[in-house]
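Shared between the two complexes below is chain A, which has chain B as its partner in the first and chain C in the second.
The block that comes next holds the complex of A and B.
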């Protein structure tokens, strides 16, 4: 049935959990594009046939007209599915920078297509330059903290990190007393967890 | 066009409707019973809603009432609406019902949707607030997509309320990274 593949593509988006990214399905995407070109060819040949019979394409309502109409509608439908697929993924990608920061972890990066990676880089670049012009980090927590320092436990081997003017060794399972803004990035990437007393 | 990019709306439009062709159409392979790639007048074909809807507007087909809204379903819903497996009937029962009701000229679909939703909504809400997270999965399988959304909204509001009362860590791992470890909630 026409449009089935395109809908499969959209269903793939819906089947994942909300806000989760599914791997980019370039295979199915290309298949839908191929289906579109097929529709286009058949649409053209039907129109040409009507023209050869000397009929007015605008007003005739014969079998060929309805055939062409069905192809046209399928094209429009496929386009909508493809657009929705890209649009909804782009929305998630834009939200990534707010959630995980400008560096993407491996597990997300492999789900993106090449152009999407490019998009993410440019988007985060634009945001960075905006923030540097404002001289304000907009990605930090919106709620003012009660205490500028928090206690964290390291969940993964991060290694030696330079922050402010001192270096700290974040070995696995070690506990630290850190500035909130420094810890935030590690927590959102799942490398540390906040300890509440 | 407000819902152009809406995933749920797109999937709703994919529901199958049985139509009868009033006009012939050539050069299309949508009728599996036909040997040539032509559709004759009067042939009965199952089409996705997005195609059937557009064709009906141009008087090329006439639509039948889908099976999810026939007499059987009606009787089932009247008997005990909370236990009917609406998801297997039609995962977007309400949305699709709203779309199809004006097109097939069935006046009784509207009241059917309303009565089904009213009685099931109560059920969904109480279960979302009381059932433990593990016991909930059984109830979820018979809910339509719209009801599942409501159910999840109710649960997340409960979780947010608990968090507000008990307090908890302010920062959490970004949900997009998936849950490898069990959160200690």
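The block that comes next holds the complex of A and C.
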């Protein structure tokens, strides 16, 4: 049935967890594209047929006209589904820049198509250039501050870090009482976790 | 901020209230709340943001000086907390705007009136945003479709107008509050008249009060 594959593609998007990427389904995507070309071929052949019969394509309302119309509408619908698939994935990709920063971990990168990877790089470049023009880092202070200091546990061997004229050794599993602004960069990279309660 | 609040508390309660509600931080809070609740992007608060940046810098310098001159660490950390909150508001305000730009980039790039609400840097960002997205969709979808179906904002060549641009939903509902008494005014799309008393909460179509939010008569919550 026409349009079913495109619908599957969009369903895949809708059934995925919110804010999480599903792997790029290039097979299904290409099949929908092929379906589009098929629709276009049939559309053209129907129109050609009408022209050969000497009918006015604009005004005639016969079986061929409605056949062509169905192909046209199916094509438009497929296009909308394809665009929605790409557009919504791009939206998630943009939100990832805020969540994980300008470098994507391997597991996420595998889910992207080639052009999506390019897009991720370009868009995070655009964001970077905005922030550098303002001379301001917008990726910190993501949650409303409660206390200027927080307690954190180190999850990975970070090593010795210099901050505020002091050097601290962030060994794995050690716990520290840090300025929130200093700790945030490590937390967002998954190297520390905040201890609450 | 802290010092201004301190001066205010010596005056009468009313004076204190008005003083508090006109400090830049309070204005920023208002702008931030409006921006957060409004479905469309609002006018950029150019001069307010400039003043806030100046104040943040001043506070940073003050705190550094306090920390160096042996003032009670508790006092210093209170100032620090105040600064952190302001910083959060400030960054969050800019972030919300960026996210709106990302969401409605095509709507913005086709609409000079909306563009005029952005700051210079935001305009640059919006332009790059739309260009990158366009290229991405071009490469991954449009170039593979038949000739007459390749336009990015039209479904096909026979569409009369651009029918594929995501736009902000201006008829969504917002919760809002008036600053002063607002005489009866007409709601969009109905004959009903509405009066608003100060501090009375209303839930209302955004587009009916759009201009009043821009003028600052009504605050979104």
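Keep in mind that, in the parts below, the second predicted complex is superposed on the first by the 160 of 197 C-alpha atoms of A that agree within 3 Å, B and C clash if a C-alpha of one lies under 4 Å from a C-alpha of the other, contacts with A are read in each partner's own complex, and residues count from 1 in each chain.
In the analysis below, a residue touches a chain if its C-beta (ideal position, glycine included) is under 8 Å from a C-beta of that chain, and two chains touch if they have at least 3 such contacts.
On a predicted model such as this, the values are computed, not experimentally measured, just so you know.
**Student:** After the alignment on chain A, I want to confirm one thing: do chain B and chain C clash, or do they fit together?
**Tutor:** fit
**Student:** Contacts for A:35 in the overlay, against chain B (first) and chain C (second): which applies, first, second, both or neither?
**Tutor:** After superposition on chain A, A:35 lies in contact with neither partner.
**Student:** State whether A:144 touches chain B only (first), chain C only (second), both chains, or neither.
**Tutor:** After superposition on chain A, A:144 lies in contact with chain C alone.
**Student:** Check whether chain B or chain C contacts more residues of chain A in the superposed model.
**Tutor:** Of the two chains, more chain A residues are contacted by B.
**Student:** Quick one: classify A:82 as touching chain B (first), chain C (second), both or neither.
**Tutor:** A:82 contacts chain C only, not chain B.
**Student:** In the overlay, answer first, second, both or neither for which of chain B and chain C A:130 touches.
**Tutor:** Touch status of A:130: second partner only.
**Student:** Which partner chains sit in contact with A:119 here, chain B, chain C, both or neither? Use first/second/both/neither.
**Tutor:** second
**Student:** When the two complexes are placed on top of each other via chain A, what is the minimal CA separation of chain B and chain C in Å?
**Tutor:** Minimum over all C-alpha pairs of chain B and chain C: 6 Å.
**Student:** Looking at chain A, which of its residues have contacts with both chain B and chain C?
**Tutor:** On chain A, the residues that contact chain B in one structure and chain C in the other are 80, 83, 87, 141, 143, 145.
**Student:** Which residues of chain A touch chain C in their complex?
**Tutor:** Counting only chain A, the residues touching chain C are 33, 36-37, 39-40, 72, 75-76, 79-80, 82-83, 86-87, 90-91, 94, 98, 113, 115-116, 118-119, 122-123, 126-127, 129-130, 133-134, 136, 138, 140-141, 143-145, 147-149, 180-181.
**Student:** What part of chain A is in contact with chain B in the complex they form?
**Tutor:** Chain A residues touching chain B: 1-4, 7, 10-11, 13-14, 19-21, 42, 45-46, 61-64, 66-71, 73-74, 77, 80-81, 83-84, 87-88, 92, 95-96, 99-100, 105, 107-108, 141, 143, 145, 150, 155, 183-184, 187-190, 193-194, 196.
**Student:** Over in the complex, which chain C residues touch chain A? Could you list them?
**Tutor:** Listed in rising order, the residues of chain C that touch chain A are 77, 80-81, 84-85, 87-88, 91-92, 94-95, 98, 102-103, 121-122, 124-125, 128-129, 132-133, 135-137, 139-141, 144-146, 149, 155-156, 164.
**Student:** Quick one: which bits of chain B touch chain A in the complex? Just the residue numbers, please.
**Tutor:** Residues 4-8, 10-11, 13-14, 23-28, 30, 38, 47-48, 50-51, 54-55, 58, 60, 167-178, 180-181 of chain B touch chain A in their complex.
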